[in-house]
Structure formats: structure tokens, C-alpha cells
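Listed next: structures, encoded as C-alpha cells.
Note that chain A is present in both complexes that follow, paired respectively with chain B and with chain C.
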Partner chain A sequence: MSSSIIDRRGFLRVLGISGTAATLAGCGNTSIESGVELVESYVQPEDFVVPGVGVYYASTCAQCGSGCGIMGRVREGRILKLEGNPQSVISGGKICGLGQAGVQVHYNPDRLTTPMMRDGDGLKPVSWEKAGAALSARLGASSPISGEQIAFLTGEISGHQRVLLDLFMDSFKSTNHVVYEALSPAIGQAANKAVLGVEQPVLQIDKARLILSFGNDFLGTGPSPVHMAAQYARFRKAPRGTLIQIEPRMTLTGANADRWYAIKPGTEGIFALGLANSLVQHQAYAHALPADIASVLKLYDKETVSELTGVHADTLSHIAGMLWENSPSLVLAGPSAEGHANGFQNVAAIQLLNLILENNGKTLQGQPAHPFPQLEPARSSTAALAKLDALMASGQCQTLLVMGCNPVFTAPAFVHFAKHMEKVPFKVAFATQLDETANQCDLVLPLLSPLEAFGTHVAGYQPKGVEVMIQQPLMERLYPETRAFGDILLDLLKQRNPTAYKAFPDYYAYLKTAVTKAKPVFKSSASDDDFWEDALRNGVLHLELPPTGLQAHTEALKLGKPQVSESDTQYPFYFVPSIKADLRDGRHANLPWLQESPDPLTTIVWDSWVEIHPSTAAEMQIREGDILSVQSATGIVRVKAYLFPGIQPDTVSMPLGQGHSQYGRYANDVGVNPFKILNPIFDERTGELAMYATRVVIKKTGENAMVVKDEGPTNVQQGRKLVATLAADQAALAKEVSRVTQ
Partner chain B sequence: MSLSNLIKNWSTLRVKRPYEDQYKDKDYKWAMVIDLDTCTGCNACTTACYAENNLPVVGKEFFGKGQAMHWIRIERYWGENEEMEGKFPDRGAQFLPMLCQQCEAAPCEVVCPVGATHHTPDGLNSQVYNRCVGSRYCSANCPYKVRYFNWWQYPERAWPNPLEQQLNPDVTVRSKGVMEKCTFCVQRLTEAKNRARTEGRRVADGEVTTACAQACPTSAITFGNLADDKSEVARIWARQKVDLAKDKQDKEEDLRGYRIFEDLRTYPSIVYMERVRNFEA
Partner chain C sequence: MTVRMKIMLVWLSLLMICGSAIAEPFVQGGAIGSQTDDGFNALGPVVEQPIEFPHNTHAGQMGINCMYCHTYARRSAVSGIPRLDKCMGCHKLIESVKDKPRIKKLFEYWEKKQAIPWKKVHDLPDFVRFNHERHIQRFYFREDRPVREVCGYCHGDVASMTTARRVKALSMGWCVSCHQKDHLENVSTTKTSNGPNDCWQCHK
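Moving on to the complex of A and B:
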């Protein structure tokens, strides 16, 4: 564009008119008017730019690990809005609120625009030459470090970024690529693997007649919320399936259930075994289990189960009855069932129900093997962080590289991550914006936003066949000093092994070569260039593969007598953190749209709060807005009370994601961080942090403040027909006009 | 509207609106259907609206004063009386996406002292920002509370550089002192209508949709042209026996379609489909 723009003076000079002549020519009749000369259009658009017309380009959403295909609306070279890409099986042309806010990552006023280097107590902007020199000195060809001395800490990472990262770590003979997600589903994955033979079965929500979900929030925070929401929509059409949700605190999915039950946190497995016991009484299921399990199951009679779980004994019989009347069903475990010392057992017990009900192969299937396993996301865990923490504390770790993960914020206080991180002499962060962890580093390198960079993504959850998602820039980079993560890695790799990578001038060249090399797998006969162009245009490479079967390992379940952990008089309340679909572990708290997007269940914005059941609040004389201290054995936070009916009376809940101190203007000083009061309780089988096992004591502080929320003075309809409800047996869904079912 | 036009069309202009088959021979009447059984309350629509329509983020302080600018919001209700006897919301929450109902007899239109809010020929309740003097009578008169007033000069505070680059050039950025509201994404409608007119046809069903409907992960929102009998929206309205010009429908028991506050005779252009619950569960 710039070459074609000339100012008026320049324009006149080109025409041979300048000085006084120009002034004279500026008024009155001109040679242009008289037709002697031609006027060229002042706007000379670049190729593919039609002024005033928005054009859509395909790419991939990087806001969570679901890997939704997106379309970006680009006008005059600016990305304006994101939509779902209908070509992508995962998103099906739809997009969630979190995905929409991807443009605010890109245009964030707190974006990191230059490299920063530690200078005394603070980080100071430096040139890339200086930053690159510091990096080369530590990690270049002559670097002496290797093995345990170097660690690369990332969030979930997939595609060719992961391949380069693995190669980079290989060059140091190190296996310390630590993948840490604070909300990692590792416990559930381990239990699924043990019982079903796969870490994450593919769910056929729309095929189920009945879904029994133990705290699985597939509509809000599951492995692929947009895809599952579309399945859920079909599930709700004729013949309409029924959703029963059992959890200590109502999630978004629970809010959409036909029937919602509260349960004591951590007792989900006992309830599932109670159901199993009840089911095997039924003739059809009598032989579903080996005799040794069936005999121990007898201990889980409904009275015992009811006493331990707090769910009425009749409820158990009722749900068991529903399960055998509605086949195929689907039984799901979620974070609130997983995050306990017995979390693995809980999930195994819940999956046992799927085995008894013979749902495998009907509503649960195995994910087909990915043709490029090296592109798949490395499995995250919280146990990996503990190992890294020990390495840092012992002083072994000499160099720490961090990307896409903020453990200084998300690690519980008992880990002392920030303190141990100080012992590492050289810490590098790759980031689009400074956060608590980057602020502790010695060198921070500014990355392109996902809307500016090329890349590939592979989702951990592949709903149908397998897909490699293509990410392409939707606009020119905003800041000249920002770079692609792939380019930085490739530069370092070139220094360490010049011959192997010399064919690739940059990450784009590497990516194009790598993707086109995969052409035979996608059964394409197009030329390399055409294949690449098609991939960019569609935003996705899809390979239709049949789902695989699941196994049945009942022996994975270690059955004992039904028992629960003893109550604690000092800390009488169970503490259930809640995951917000938009803020997740707090990495999106810097996006103003999401801060101002009300929490669906409480309608609160820009804040943290503690949810407490109205009956408990009445007992303790707590009103909305009363500031309470919530204290666990490891920490204390002060936060406003919100009276919430969808919670166990002996449980309190706080949303995760708020409480940042160094994450830009929109996140800082908003709410408090409940990660910091989690107790060191771990799942016995996997060693993962048991996020839902902390107990707290709550006390009034005597202060009160307004809770900022969308909800009005009343939270009921008061007889007005606002949200009308029809009984399922009365609704004639089959006769309705709907595009969802088509 | 010119005087000659007024005189020429006097017979159609003086009748009470809406009347039976008002849009029968017209090209467009924009309308919507929201299925409350598939709406999950996830807020994808509200964020999409912020992105499409240049809605300012007002911040905690102003939000607390009721000055949020969300053209579409999700209201959340809990059950009452016998539904809450077991002390828990046994049937989940009740979510209601609430946006301008684009009433055919809009209470907001008649009270505007300057004619800033008026009815368009394709059945939208439009807001002319340049005419608005900020009397806020319209907001006071709106039974759905879906009109939003610019109490502050938001452009400077809501979009610090470079966030302003995200602003949709097709949509005005409103300044202090004017009222605003959901437009059914009129910028998209205008573009589609212009394109169709150039090609000598009517806008096809599914050719244009609102930002909220486009984003909705469960496709709970359907948008379209009620004047086109074959459009999905028109077929749903017909199947649910909701008549635009009636204030009381002949509702059959198994039908789910209804309009909110129909008895106020606002004649909304949005049909909600009742939430369904399996009470056997």
C-alpha cells in the first residue's frame, strides 16, 4: 500500500506542477477538469483487498486445546471478528465466547512488543540482537548444559511447534519437556486408560438416550465444548435424551440437566458402585461383572451409599431404573469426581457403569490412531510440575524456558514455585504478554499472536476421524519486534545443528515442507503448492478413519469397603473450585470481553466470589456481599459471599482464574486466586494434585461490599412467563421444524 | 417521508399496526426464534455481539451501576415455590437470552420526542443515533429493558490502542448521550439486501444471519425472513402457530412457541420455544 500512496504535494510534483503553480492550480478550473490529464484513484488496494468488503480466511483457534476451525473476517488488512469454520468437524461452523475473544489477545493493549531483559529488579526493553546474543550464549552451539540442567515448561502444545520443541530438547539430550496444565484431566485419563484402554474415549452424546454425568461439564469446560454443544443440541431433539447430573456444585452442564442432584465431594465413586450394585441385581446385567467384583459390590447397598454420599436411597434406585430403561446411555466422570485422593477410583467406578450397561461401542468409542503421533499434544499433568519444582529447588536446573503456562500464578502456595524459580540462573519466557511467571524471568521474548502466525494444531480430542488444523496469519504483525515461536526455535536449532536445518530459511518454509510431505496420508494427488494452498484455504486437513474399539478391564478397579475420609472439625467445609468456561486457569483474565461476560450461573462480572448455600448462609447469618475469610490449612483469601442454591450445604465454591497481580490492566487486582489455598492432597494412583479435596473454614469479617452482577433484585420469574417449561412427554419435538436434526 | 408519499399512502399508514398479513407482499420482515431447550446459557452469543457491534466494555464500576451495554444478555432464573422445595434447583437453571424483541407495536417508538427510534419497512425497530437527544423515554417505556444508554464517552476508555483496530467499520461507534440497542445486525442485513437487489432477487434463507445466531454452538437461535414462507423462521412460526399480528395465540398443548409479554400488545418479532424437562427423571 505504502508505495502507491503519495501525498498531494508529491502528486502534483509528479505531474510537473509545483510551487506557486500548484497553489494556482488548486483553485479554479484545472487541466484535470478540462480533460487534459487523468486522475488516478487515490486508493490503490493491495491484491485481495477490496475496500469496504470483509473477506474470510480460515485458521485455527488457539484459545484452548479443542482446536476449533475458525474463520477470521479481514477488512482493509485488519482482523475484525472470528467465526466458526464449517469445514472443521470440531467446530462445525460454531464458536464459543472464549474463541471470539481471540482478537483481544491479538489487539491487547498490554501486548509485549519488544524483548525484555532483566536489569536489576525489573525487566527492561532490549533489542533482538542483544536478546538473541544472550540466548545464543546460553543455548547456542557451544552451550555446555545438557540433560537435567535444562527444562522446557509449556502448556498443552501440539503440531509442528511440538516437533521442533522435541528436537530442540533432544539436542540437549534432555527429556525435561514439562507439560503442565493446572486443570489437567490426567487423573481421568489414567483411569480411562486402565478401564477402557484409551485415555479419552470419543463420546457420542447425541446417540445416548440417557446421560448420567458425575460433574462432567462437557458444555462448558470439557475437552471440546463447541463440538459437544452441537452434539448436545441433537441429543435434545426428538427422541429427546435425558440428562442427569450429580455434582457437589452446579456446573453449566448441570444447569441444563433434566434432574440435578447434589452429592458430597469425593463420594461419586461410592454412588457409582451403589448404582452398579443395583444394576447387577437386574437380570439383564447379572453376568456383566466377574464374580469377585460382584461379591464386593454387595457391600454397596443403597442405605450405606446414601449415608456416605448424602444422596437419598430412593434416588439411587430411581437412577438405576432410568439407566436400564434407557439404553444406550452414557456415564461420564468430570473434574469434581476426579480431583480427590481417591479420584482414580472414582473414575474407574464410574466407567464400570458404562461396562455394565454395555455402552462401549455405542455411545463411547475409541479414538482412531493418529497418523502423526508426534504432532499430537503431549499429555499434561500437575505431577510433572512437582518434578520440575524439585529439580529447581535442588539447584540442578540451570536453564528454564517457559511458554504458554503460568505456574507462578496457578501452582498452589505449598509448592513455592516462585521461590524455587529464583534458584535457576537463566530463565526465559516466550510470551505475547507479561504474566506473573514471565515477570520472574531473565529474558522475555515477544511472540506473534496466534492471529499473526503460521502453525499447526492437533486436538487431543478428535470427534470424528482425525484432523490436523492449520493456523495462518489473518493480518500483518502489529509489532515489528514480535516473532513466531517456531522461528525462534528454528534459529536455535540451526545454531546447534547447522546442516540439518539449512534447507529451511524460516518456520514458514519448514511448516510448508512438513505439511506437504504429509500429502500421501491425506490421499491427495495435487501438486505440493496446490495441496498447501488447499490446506490454508480450508484451515483443516481431515482424514476419515473409523473409530476403534474399547477394552474392558474390570480388574483395574480396586474395590474395598465403602468409606469416606473423616470429617474435619477445624475445617468443616468442603472447598470446590469452579472452572469458568471463559477464564479457565486464569490465562484469559486479560481479555476485557471475558471479564465483562457474566458468569452464567451467578451473573457476576469482574470479580471473585464464594458460593454458599442459602440454608448455610442463613445459619451463619451471611448476606450477599459479606466479605468472608476462606481459610484452608495452607492459605487464606478474603472474598465476597454469594448465595447460590446449586451447591451442597456443607460445601463452598470459588471460581478459578482471577487474582492476578502482573497480567495487565484488565486482570490485575480483580478478585483473588483460589489456587493458592489448595492443600497438598494427591490422587493415590497418579500422584496428581487433588484439586477438589481441600477443606476450609469460613468466617465473617464484618465487612460488606456490593456484588457486581447482571442478576436483578429477584432471581425468580414471579409468575411471569419468561422462561416457560414444558414436560418432555407433552412436547411434540418430532413434528418440529429444526435444522439441528438435519 | 415526503408529504406526497404520506398523502399517497395515507390509507396504509393510518391503520393500527400490526395487521393481518401486513408483510405478505413485502420482501422482508426480519424475525427470530430462540429455542430455550437447546440454549445452554454459555454466553457465546453475548460475546459475539460485543465483537460485531462495537459494544464497549464498561468495567466493574459502571457495570455495578447498571450501565452495562450488552445488547443481548443471558438472564438466569431459579425455580420457585414447589420447584425449590428440596432446597436445590432440581431442574437446573432457567436461561433466557434477552435482546430487543423488535416489537411491531413498540412502546419505545411512540414516546421518542425526536423520532430517533422508529419502525423500518422490513420490520426492525431502529435507532437513529444522530437524532437521539438522550431523553431515555424509550428505555423507560421498554418492558424488556433492552435499551442501553451511553452515560459516558466510551470510545476513549473502552478501546485503548490498539484495541480500536478491532472495531467493525460497518457499525457506528456511539458517543455519550445516545441510546442504543440490538439492531438484528442491520449492517449485515443491509449488505445482504444490497447484494440481492443488485442481482435482482430476494435475500435467500440462510444467506444472512445475526452474529449471535452465527456463533451459537447449539444453533438455538434461528434468524430469517418471515415474509418468505419457505424460510426456516417462517416455517417454525407457522408450525408453532404464532401469528405476528395476534396478541393471544391459539396455543396447542404440545407446541412450544410463545412470545414474551404478549399481553402487553407489543407484538414481538422473537418467538421463544419453551424449555423442556423430563420430569420423570
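Moving on to the complex of A and C:
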């Protein structure tokens, strides 16, 4: 007894002394001090600078390709927080979580601060003189390389950076500017172009009374999530629009839907044709399609479609009924419908519904032609990477320059990108932070963060009129040895063609000249300086242009008998890689705010997991946290199981973006990389990687580990019925539809 | 509960009382505006500054308003150190003191365009947000009290010092003692109110 009292005393003593010391040590200045810290003061500040009061500057978010206008709050010369810029139609004064995390790109402790050069096995810091000399020797005036010997690999790039890059490649007489995005929407864009006449129609979500979305996650990972979320809010105001989502694995948009249906991956087109078949039997739509298509559609009767897609036949009838009751509607295709061998046909079939329902011109419009097409983002594709890979493998490529993409991480294992990259004798990366691809390069040049550099951006998706977004530094550079991408390119161009670029001492001068030259297009009569100052202050140059019309081309749709891939006994599960709104293809895994933000559907943080339907898990006796091996024909990963009801029972899903090995302290050794187990299956029409067509087998390894997540136990609200739920097939859908089909 | 545990609890309670007394050795009292002993006087250390700035000359002999130099106090959470060009604005024209060592130093900083590395004298813990603007607006502008008195509530009579030295405890008990008093809402009324007593007003 007495010893326990001593223990308690000991505990209190320890708590009183070391506990307080530990707390104080972790909290910075915790006492009243005199003469310890210095006061920041100014010599000759601008009149508007008031210490302690933030000033807002307009710029453009560079976290994704949406091109949202942002405002940065700057205090005492440091950027503290980003907000949306109300001047920008794209952002409408709002910003997403991914955009908020932009300051962590800037302040990241793993930022590159000096040029790095390969020395033996590793990269060593070098001076700019040495790095510049190496660059000039290879790419300067006397460089003998040209054509296929050089390739510039970038992510989606737009604005004057793209113009300079094109001029740079022109100077080598090369067309090898490879634009690679692992999550490229190229299949959907090709199908849209073939059926609607435009690659990316402008969506009028707020004008629709009913949205039918086949895996389109427009609220999370679409082409412009901030803009579409604002439109979606208006869509939900009275009269409240209805959202129906059909997809193999629930996305953030699916979680917001009124009706969510699981479908077998790759059968979205069959379901769309089944709907089309139901619709054309209605008098109003009977003549919407050419006779040859209408006759083939008859093969897609609801029983056949139901059998192939796994969606109940009555559901199909109900949705068809809702579609003709609620006009105008909007039918959307998303990545999970596009990423299959028949992905192009899936999207074409889904767009056919828009044609039948006459949504064109109402909820779907054409994007006006951009007055500066050279500034528009070059379209990305995965097929372009395959071409580059072949060029490297054959030894033709002598110099590879990389900026804004990380194919060593995102290319599937069957591509052997890292191995083929070794065959290139001179590889240069332009980066703010080392990643897997930069680590394989011979020279790495440190770039300014997007919050330190000037630039322009043009979004691929322009919701209203057209905009050129202006990016300006929100604070002085943190590291003196970092440089703007535009400045490095301009220096190289000057070496190759001194006379053409001598008027521009730096990229800023080039940018200012180029932007002010566009003055007549924006109908401005201001002086050059005033026009430029206005552009910087507003952060955006907006030009009001009417949307264009769409032209229907039904011949793009090749209809045959309904077919579906055969079941595979060796690999029984469909594999759906899910795109997280924050990590995307993994380029943001180095931002701890995003790692710490719980996944919206599972609430899991700092990890990878495999989602499996509870009924499938019960059959296989899998519990949450069981470590499973997920094996495809090309690779295997080991990952924790998470039981998730929002998934088709024959499907398993893993989030993309984790599994880095060389991307800084916050990304390394967190989770696994599902890109590496994707099978070599390609869309038949475009040759793009079919990301959702991989099949896997899952096995228990016998190990179990805790899944770190915010939610409590998943056993349906611990029996308290806090929110009543009903299975979709039990819901009285007939009440929503006055006339039931067939 | 055993007798030994009870004894331990009594000792613990005593320890806590003594502990708080050690942390806060002053008793409350004294009128607002007083720069005399209000029970919270606690002279801070002498802080050696890069230039021994004579507040007594500027604010004392010449009677310059504190906010002529500390111009941010009425606009921002921090009062701020005056910008260097403000010092130079006057001293470029004052020939009589140009040869004094302090002024020579000032010119050296100005020629190098280098900010003077002043040290903080009144540095609150990082978890406290004190707002100068709110206090200056209330007591100087709305209550129309003399500036030396308003600034002096917290900073003491700086006009009698050379470089500033802390004279008050700057403790939470001291803040709260003033927030609990009745203060006139403005000069033309007899209506009074207290300072806020929500935790988050200062601890954000």
C-alpha cells in the first residue's frame, strides 16, 4: 500500500517537473520576455504597409489545372493564407482545400534550395555557375542535338511558360514536347469531340433539373471543382435539382447524390444504351436518333442490360422515367466510365443520352474559341508517355527535360520508365522539391514556388467567356538560389538566338511586354503600364464571349451487340483506383495538411487502404485492418482492408497518390502506390491507358493493423439510428416518377 | 480514502495555493491610469539597445505624441517600431545634434539602408494576442485621455526613460484586474462598461 502511495507521489513529482518542462519546450515563447527577441522594423516601407495588418494580393492557384483566381494575405512580407479572388469567374471568390494547401508547397521544409548535380550515385549541391555551364554545354548555342534527340516532358502547362517552351523546342526543330498527366481525361475528351464536336463542353449544372452522372466526380476531382461546387449549390436551391450517380465506387459527388447505384466497372455504356432504348420508346424522343441506331438500341433491353451491369431492371426504368420528367437534364461521364478498353464507346454512349434528351445548348454548351490559342494548355495524354518511353528505350533520346510531372512514380510498372530513363545520357529536372523522377536526373534546377514567381495561366475549362489568369509573387523568394522556370528558359533561348530575345532582360520583362501587347483584344485604352498594373491588381484578364453551339455526330458511336468482358477466375475482382480530391496523382502527398485531412468517405488519414464491400468481406472472413495482398497480372501490393458499403461487391478500390519513396519527409513511406499494379490495357480507340480495367486477386496475409481514421466503429451508428437509411431498391422511387416506363 | 492520502491531498492543495502565490506575488488594487503602484509593478531587466534612444528627450522635453512615431498603435495589433525614414525625416534637418554619437549611428544605419535591430522590451507569450488598436481607440480617442496616461497604463512613464524598460507585470491577473473595472464608453457619457472576459479574446 505504502509503495503505491510513493508511486503516486513520484508520478505527481514527475508530472510537475518534467511535464511542465516538456510542455514549455514545445510551445515557443511562453513567458513574458524583455530583450530576448528582435522587433521587425522597416527602413522605407510602402505607405500601405502596416505591421500586424494583412494586405491582399491577387494571383492564381497552381495546385491543379483549374486556374482559380486567388488572393493571398501577406503580413510583414510573408504569405499567410490564400483565399478565392472574387474577380475570377472560375473561382468566384472561393477556394478549395487543395488550393489552401498551396502555402505548404511554398514553406515546405523539403524545398530545393540550390541546384543539384549527379556525382556518383547521388545528387550533390552545386553553384548556379556550374549548373548553368552544364546546361549551356548541352543546350546552348553550339548544341548539336535536334529533333528526336531531345524531349521535354511536362505536366499540363499553359500561358507564357508554354509559349517559351514551344519556342525552345522549335529552336531544336523538335516536336517532342510530351504533356503527360497520369489522370489525363484524354479518352473522354476524344469521345466528346467525336460526338459533340468539342473536347470539353461547358456544363451548366445549375440549369439542369436532373443530373445523371456516370462516375463524374465534378465536386471533387472534375475539371473545375470550385466553380462546379458553386454551380451545384445553385442547382440544389429551389426548385431543387436531383442528382443520380452510377459508378462502381462511391466518389465525393456520389456521396452527395439523391440516388447512388453501384455498377460493374466498364458496363456504363451498356447501361446508357439501355436508358437510350427506354427513352426512344417514348413518343417525344422516338425520332431523336437515326433509324439505324434506333434499331440496334433494341438489343439493349432492360433485362439484358440489368444482367450485364448488375443494376436492377426496374432502376433503369425509373431513371428513364425521371429523365423525361425532368428537362433539361445533364448526363455526365467520368473517369471510371472512361478508363476501359471500351472507354471511348462508353463515353460516346453516355453523350448519346444528351443528344436524345436535347440537352445541347441548354445544359451543355461549346467553349468559345480562345483569342490566344498558344496560351491554352497543351492536351495531356498517357499515350504520349508511351511514345517517349519507346524513344528512350531505343536510345534515340539524348536529352530529357522534365517539369511538373513524376512518371517514375505514376507510370505503371509494365512501362519500365525508370529503367528506360537510365539510357538517356543527360536528364534535367526543374522542380521545387526532389521527387522520384528528379532523383533519377543528372541535373536538378530549383524553381521558385508558385507564390514567388510571375506567370500566366489559361485554364482548360473556361466556364464563362475566356480568362487569362495572372500569377504574381506574393512574397520575396525564400531561397536566393531558386529561379523562375521562365527565366531559365529565356536564358537558354537567348544563348540559342541572342538577337531575338535581347529586348527582354528577364522573364518579368518578357511577360509584361507579352501581356500588354494583348491590350487591344481586351478592348483597353489604358497605357501599357496602367493595363499591366490593372492586370496584376485584378489577377485576371477577362473577355466576355458567347458560348458556341455543339454539333451532334452520332456516327461516332459504333453499336454492336451488348458485350462485356469475361469473368476471370484467376483475378476475380475489378480494381478501381480512386482519385482523392487532395492528393490527385500523388503530387500533393508532400503537403502534411492534405495527408492529415481525413478522406471524405472513409475518414482515413496518412495511409493507403483497400476498400471492399462488407458482404464480400464477410464471405472471405476479412475484418477491417486485415493486411491483404492485392495482386494483378503485373504487380502486387500489401495494404490494410477497409470495409466500405459504397462499392460494387465484385470490385475493390484503392486511393491513388500514396506510396512515395523519394518525395520528402511527409510523403515517404506512407501507404502504397496502386499505379504500379495497373495492367497494360488500353482504350481501343485512343490508345490511352485504361486505368479502371485492371483485375486483381486479393488474399489475406494473416496480419492485421489498426486503420487510423476519424470515424468511430462502422457498425451502423452503433445501433442508435441517428440517421435513418434505406437501401435504394427499397425506396419508393415510383413516387418521384408519375409515369413509369414500359 | 486512507489517512495518508488525505494528508497528501491537503499538502497538494497547499502546494497549489503557494504555487500560484509565487507566480503572482502582487495583490490587486490601484486606479486605472495610475503609473504608481497598483500592486502589479514588476521592473523588468535593463535592455541594451543598438542606440540608446532618449524617450525622455522626444516624449518628455519636446512633448511629442507617442503616436507620432509609434504610428501603427492606433491602426494595428502591434504599435510597431517607427520606420527609419521617419527618424531621418526630422534628423536630416536638425543640425545641432548631428555630431552626437547616437545620431551618427542613426545615419550609419540609414546610409546602409539597414533596419535598426531593436530588441523587444514588452514581449508577451506567443499564446497571448494583445491588440493596441482596441485600447488606443477606446482610451485615447473615445475617452479623450492624455496619451502619456493611456500608453502609460502598460508601459509606465516612458517619457521619463531613455530606452524603454518594463515596469508592469504584464500578467493575466493584471490584464483581468483592469478588464473588471468600469470604464467610460466615451468622453460625453457616464455610461460605463468592462473589458471582455472571454478566454478567446486574447487566447486565439
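Criterion: the second predicted complex is superposed on the first by the 665 of 742 C-alpha atoms of A that agree within 3 Å, B and C clash if a C-alpha of one lies under 4 Å from a C-alpha of the other, contacts with A are read in each partner's own complex, and residues count from 1 in each chain.
Just so we're on the same page, a residue touches a chain if its C-beta (ideal position, glycine included) is under 8 Å from a C-beta of that chain, and two chains touch if they have at least 3 such contacts.
Since this is a predicted model, take the numbers as computed values, not measurements.
Once chain A of both complexes is superposed, is A:E624 in touch with chain B (first), chain C (second), both, or neither?
It touches nothing on chain B or chain C.
Given the superposition on chain A, which partner contacts more residues in chain A: chain B or chain C?
The larger set of chain A residues in touch belongs to B.
Does chain B (first) or chain C (second) touch A:T725, or do both, or does neither?
Touch status of A:T725: first partner only.
Touch test for A:L252: chain B only (first), chain C only (second), both, or neither?
Only chain B is touched by A:L252; chain C is not.
Could you say whether A:G35 touches chain B, chain C, both of them, or neither, answering first, second, both or neither?
Touch status of A:G35: second partner only.
Looking at the overlay, what does A:P225 touch: chain B (first), chain C (second), both, or neither?
first
With both complexes overlaid on chain A, does A:E358 touch chain B (first), chain C (second), both or neither?
A:E358 sits against neither chain B nor chain C.
A:W593 contacts which: chain B (first), chain C (second), both, neither?
first
Overlap of the chain B and chain C footprints on chain A, residue-wise?
Common interface on chain A, chain B vs chain C: 52.
In the complex formed with chain A, which residues of chain C make contact?
2, 4-5, 8, 12, 44-45, 47-48, 72, 75-78, 80-85, 110, 113-127, 165-166, 169-171
Contact residues on chain A for chain B in the complex?
52, 75-76, 78-84, 94-97, 100-101, 103-104, 107-109, 219-220, 225-226, 229-230, 232-233, 236-237, 240, 242, 244-245, 250, 252-262, 322, 478, 581-582, 592-598, 600-601, 603, 605-607, 613-615, 645-646, 649, 665, 670, 706, 708, 710-711, 715-733, 735-740
Chain A touches which residues of chain B in the complex?
35-38, 40-44, 46-48, 50-52, 57-60, 63-64, 68, 70, 73-80, 84, 87-96, 158, 160-163, 165-169, 211, 214-220, 222, 232, 235-236, 239, 253-256, 258, 260-261, 272, 274-281
Per the contact definition, I'd like the list of chain A residues that touch chain C in the complex.
Interface residues on the chain A side: 1-2, 5, 8-9, 12, 27-45, 50-53.
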